[in-house]
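Next come two complexes built around chain A: one with chain B, the other with chain C.
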Partner chain A sequence: MLKYAAGRIVLTVPVLFGVSLMSFAIIHLIPGDIVSVLAGPTVALDSEAAQNIRRALHLDQPLPMQYGRWLLGALQGDFGNSLVMGLPVGPQIASHLPVTLVLTALSLAFAIVVGLPAGVAAAAARGRWPDLSIRGVALLGLSTPPFFVGVAALLLLSLYLPSFKILAAVDLRHDPLGGLQALLLPAFVLSLASATTIMRYTRAAMLEVLTEPYMATARAKGAGRLRVLIRHGLRSALLPVVTAIGVTAAHLMAGAVVVEQVFGLPGVGQLMLNAIYHRDYTQVQATVLVITMLVVLINIVVDLSYYLLDPRIQQHG
Partner chain B sequence: MRDDVTRRRFLGSSGMALAALGYGAGSAAASGEGGVQTPKRGGVLTIGQDENPIGLDPHKTAAFSTGNIAEHIFTCLLRWDATASRVEPDLATAWENPDPQTFVFHLRDGVKFHNGDALTSDDVKFTFQRLVDPATRSPWVSIFSVISAIETPDPKTVVFRLANPFSPFLNYLATIKYSAIVSREDVKQRGDLVKGGAGTGPFMLEDFRPNSLIRLKRNPDYYEPGLPYLDGLDFRIIPDEGSRMAALRAGSVQLTWLSRPDSATQMRDAPDIVAPEPKSYSRLLLLEFDQRKPPFNDVRVRRAFSMALNRELIIKVVWRGLAGLTASLPPMQTPFAVPSSDVPGLPFAREDIAAAKALMVEAGYAAGFETVFAVSPAGYGDVQIAQIIQQMVGRIGIRIKILQKEWSQLVADFQSTESPMSMAGLVWGPDPDTNISIRLDSKSTVNPGKTPDPVLDDLLAKARQSYDAVERTRLYRAIQERVADMAYVITPCAAPLRWEMWSNKLQGYRDMSSAQRVYLRQSWLQ
Partner chain C sequence: MADAHPTMIDATSPSGLQLNGPAAADEAVFAFRRLRLRVNLPLLIGGAMVLLSVVLALAAPWLSAHDPLEIADASLSPPSAQYLLGTDQLGRDVLTRILYAGRSSLAVACLSAALAFASGAMIGLIAGYATGLVDACLMRVLDILQAFPALLLAIALVAALGPNLPNLVLTMGLLFMPRFARVARASTLSVRERDYITAAIGLGVSRARTLYRHVLPNIAAPLIVEASLTVTLATLTEASLSFLGLGVQPPDPTWGGMIAESTAVMALAPWLALSPGFAIVFVVVGFNLMGDGLRDALDPRG
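== the complex of A and B ==
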């Protein structure tokens, strides 16, 4: 298993390299100029002021040279300075990462706590009203985008529950408890679509497992209905569900961008969005790289968890 | 109309007695918008800010996101009065203008930077040297390059020598976004001020948490006695407009601003919220033609275009009436701008389809033509206006294809005239010269239409050099008349820069159409 894990981690190196090259190419392909961000529309793009900005940021060099510069630095652990702020990008990401991680972890927890039991219940009551109502609600959750739910929730709370403190600033380092509290609503909004996905995967997997002969055997041996459902049914059904959870976690990272925007949260999504908007190339590069790394990491964890869940993989894998 | 120069000379020679004492208290008492109220000390005002600032260095960027914060930390030699049309003393309590190329400023006594250092003429000199230093990357290099020398005969006197007469000078010196006074010692220590610096303003930086919160606290040594009343300003970064509306309703923030008229009208009925109508319109929508090639090199086509528009309808449909008619200077730029009510009297500014069609035939475009119109969906209104214009000029045979571009891409198009037509919203500039010269002067490098008009160039140069307010007004009126007559640019309307609104707990505050929020220095929470 260790050897397998090490192999997977080594494989991430070419992935990261490819992603860095792609993100560099894409951000430079987008037309527009950091000069117009810094200097505004009243300054000519070929004026002295504009030239000063480009020269200081090395943007007057050819693109391959710019990438080479960046890569050389990155290999030495120096990801450069933000073009807009002039500060090193590393600490910027480090200060924005905790909010995104806590937000996605909380959402994932919500999604699992809601989605898993709902899926089992729906499968157990297949075709009857609990199944239908769970699936109905799930469809609603899946088809309502988080930016709508987020703004609607904020507006309703501000109108009908003014004592509920919305949009408080989050500072996980100095006030972790308050920060966690402020992240509950955003995490809930973000979790809706994921809870639905997990519910649907669980339901489908359970339905398949429920028809297996060993379920009948377990029942015949005298095990209780709930015990059969959870111990014998859910355990075997979990493998595709874990895959789904892994995919969902990666989706949550993407959804976090939207939720952070709506709730004004200082996460990497906001950091990246601003960087793209400002054409802050170095900041985009580093942020994309970190997010890629996280998604790859989640996939590795999902792969490794198969070992724990399915004894057959341990023997053959 | 008062004569500006005489007034300045008078103030200068009389030593500007209304400075220091009584100045702060007087202006505070006069400002009570909600009747006569006694100011209350203390309390922190939370502000819903729409964008994360791209650093806090006031010399490095034109971005509002930075200016919104920096305008409370720094001050300038001069400042704007409440109407944003006249400058008044600030760090300089008096000034003289002995000849058109010399300005002498006398600095206020006892001003301290936030790091405890006293303000001297040396800091002022350093500020302007830093602004033109290529390493600073200031967007205003070309503006302040007009300064040929700065002399500091004593720690309280600064003498600026200009390369040529430059009447916008004082207006730039009153605008924090352009000329915030920084401390030489502080900049030396920090290298730059992106993470904040020591200013002379009413508030000082306490904490800067990007994308989350910027906390300013009261400057106990601020030079206007008793001000500011508030203990601090918390800028909460909330990018989403709907979220900012909810935050204001819920009381999580007590002041915010919106960019859409429909959001603004919604908030009008919200309880306990002050949502005033904008006093004047400062965001000019400017449509430009590529006049180097057909069809827009023909003045008849441009005039026909202008007459095909029903500007009142654009204001009604796109802005719900919350915008105004405008010439090539936004109406808030008083007294220089042609007032909204006089705009229909300008040449070719009134809708006349028959005359427009006749001009098209005369120009040889009886069958009309196809063209491309570049706009950006980044700001509210631009695309909607383009769509209405498309319908309106369709009536005289001009078939427009709308090309939507991302904002910084549109700026590039607009600057270098890539598309035959493009439109952008220009924000308030300190001087009428700021926006109009770079657009229409044939020597400007930002001249999308490439307007080669010696008459206009001459008028612009005279206006830039005249220190007489009456003469300047006359010149700018003539410029706007000329621009309308030749239809060099089309200005469909002028809109508010922001819709500002606040909780009724906030007292003593005044919003300005330039979206400067400097009056927070004399506001308090009830």
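== the complex of A and C ==
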């Protein structure tokens, strides 16, 4: 186990290095002179504001030095200072992260609760109307951008349920229960695409398992239909579903950026978009890096749980 | 490999090519027939939906009596005979704007998928055929690109480069490239062991020609399926970006942008948010059905 985990983590190091390099590069992709873009065209290049930007980004040093300095800081949790506010961007991200994490976790829970049974039901009724209708709904779920579901939900609620508190303030630290409540609808909206993915993975895995001889054996032994499906079928089909969770984690984190914007939630997505609108690129850089690191981390955890759940890997790996 | 056997038949000699020709042609005809035979319902419906969307978008200037930027009438007028889907807060015809928005959405989605297809297929071919160090290096680069949540990187890159059509295509092409590269690499790895490739190498066919004439046609099917599914992702990504204000810039209409603008006047004019949303869903369902249908039609195991 330890050997496997260590190997997996070592494999991640070059990826993380590349990720940091790309996040760093974002600021240098801005066309034209960075200082005049960031400070605005009216600011003279030798003015105080321009000097501040040069100093904040260490633009007087060669690129590799700038990158090294940024990376060393980032490793210690120092992502530089905001170009707009002048404050360090790390604590900003830390204070916005809980909302995004809770939103993502809630969505994942919704997606599993909806997607898993739907996948099992669809596989059990392959080709008949429950399967077809579940797949039809899934096609719609896969084809609708979450922000549109969010806007449509807001619209319907404001028309038919005006008393529903849709845009409640979210303050997880001082009012965790109220905050959680306010996150329910956004989490549901965000979960649709992931529920579809999990449904599809579950259905495919179940269809494969259903043809296994031990399923027929279990039926022949006299076990009930539902019991066979769940105890014998779902147990073996759970592995691909774990993979699906890893796949959807990245989608959820990125989707959260958009959904937070729809519902006005104070998460890292909103932080990043506000930074973009204010051309605060150190903030953008840091947010991209942190979210991507989290996704990479989640995928390591998924891989390791895969190892724990699948005896075949343990024998060969 | 080809240059390692200088004594083999000269690649440019006509006899060498003819030996190889009929087999490849037979295979192509066979694949084509099978494709025709396996036309299925999702493929037909999806194809029809996609075709309809493309025709509507292309024919927008002739279909609509209005201009997408023209301030036609009173703002927020409800749907009527003259303005089938009503007007927006500036008094512009919503139906016209939806049709014109389709032009940029479909252009961005298709062009970025095409860019991803071309670059990804090339990288995958090279990686799968070269194997070894080249393969390992290319795959690590793909790992890095795919470590980012796609939409997140798209937002950051478009914001830095500047939101306009070429930058959207470039960014999304880069983001979707690894999908094609992986598919192409996996197929190339299995195809390169086949006898007809060994034969081509034995005949002294150059490496580039082997890849182009003998490997590429045989890995095309999974790449085509991937392409139609990538267009759905690209359409959704473009919609999200334009919703966030990072798509093609106003006053030019985008579906995402129209939905974003509508949220301010949602209670007064609900039709503003719904119709562009349905346009997105229609196009994406069409491409999704087409992708599923193509997979069934082209999958030899199915």
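Definition applied: the second predicted complex is superposed on the first by the 269 of 317 C-alpha atoms of A that agree within 3 Å, B and C clash if a C-alpha of one lies under 4 Å from a C-alpha of the other, contacts with A are read in each partner's own complex, and residues count from 1 in each chain.
By our rule, a contact is a pair of C-beta atoms (placed from the backbone, for glycine too) under 8 Å apart; a residue touches a chain by one contact, two chains touch by 3 or more.
Predicted model only: the values in this text are computed from it and were never measured.
Colleague: According to the stated criteria, A:272 is in contact with first (chain B), second (chain C), both, or neither; which is it?
Modeller: In the superposed model, A:272 contacts chain C only, not chain B.
Colleague: Return first, second, both or neither, reflecting whether A:46 touches chain B, chain C, both chains, or no partner chain.
Modeller: In the superposed model, A:46 contacts chain B only, not chain C.
Colleague: By the touch definition at the top of the document, which applies to A:154: first (chain B), second (chain C), both, or neither?
Modeller: Both partners, chain B and chain C.
Colleague: State whether A:261 touches chain B only (first), chain C only (second), both chains, or neither.
Modeller: Once the two structures are laid over each other on A, A:261 reaches both partners.
Colleague: Taking the superposition as given, does A:253 touch the first partner, chain B, the second, chain C, both, or neither?
Modeller: second
Colleague: Between chain B and chain C, pick out the one touching the greater number of residues of chain A.
Modeller: After superposition, B is the partner touching more of chain A.
Colleague: Touch test for A:27: chain B only (first), chain C only (second), both, or neither?
Modeller: After superposition on chain A, A:27 lies in contact with chain C alone.
Colleague: Is A:84 touching the first partner chain B, the second partner chain C, both, or neither of them?
Modeller: Once the two structures are laid over each other on A, A:84 reaches chain B alone.
Colleague: Quick one: classify A:143 as touching chain B (first), chain C (second), both or neither.
Modeller: Only chain C; A:143 stays clear of chain B.
Colleague: Looking at A:222, would you say it contacts chain B, chain C, both, or neither? Reply first, second, both or neither.
Modeller: neither
Colleague: For chain A, what residues appear in both contact lists, the one with chain B and the one with chain C?
Modeller: 30-31, 147, 151, 154-155, 158-159, 261-262
Colleague: Can you check the complex and tell me which residues of chain C touch chain A?
Modeller: 140-141, 143-145, 147-153, 155-157, 159-162, 232, 236, 239-240, 243-246, 256, 259, 262-263, 266-267, 270, 273-274, 277, 280-281, 284-285, 288-289
Colleague: Using the touch rule from the top, collect the residues of chain A that touch chain B in their complex.
Modeller: 30-34, 36-49, 52-53, 55-56, 84-87, 92, 95-96, 147, 150-151, 154-155, 157-159, 162, 164-171, 261-267, 270-271, 274, 278-279
Colleague: Can you name the residues of chain A that touch chain C in the complex?
Modeller: It comes out as residues 14-16, 18-19, 22-23, 26-27, 29-31, 139-140, 142-145, 147-148, 151-152, 154-155, 158-159, 250-251, 253-255, 257-258, 261-262, 272-273, 276-277, 281, 284-285, 288, 291-292, 295-296.
Colleague: Name, in rising order, each residue of chain B that touches chain A in their complex.
Modeller: 48, 52, 54-55, 60-63, 134-142, 192, 194-195, 209-213, 234, 236-240, 242-243, 245-247, 249-253, 405-409, 411-412, 414-416, 424, 426-427, 429, 434-435, 438, 444-446
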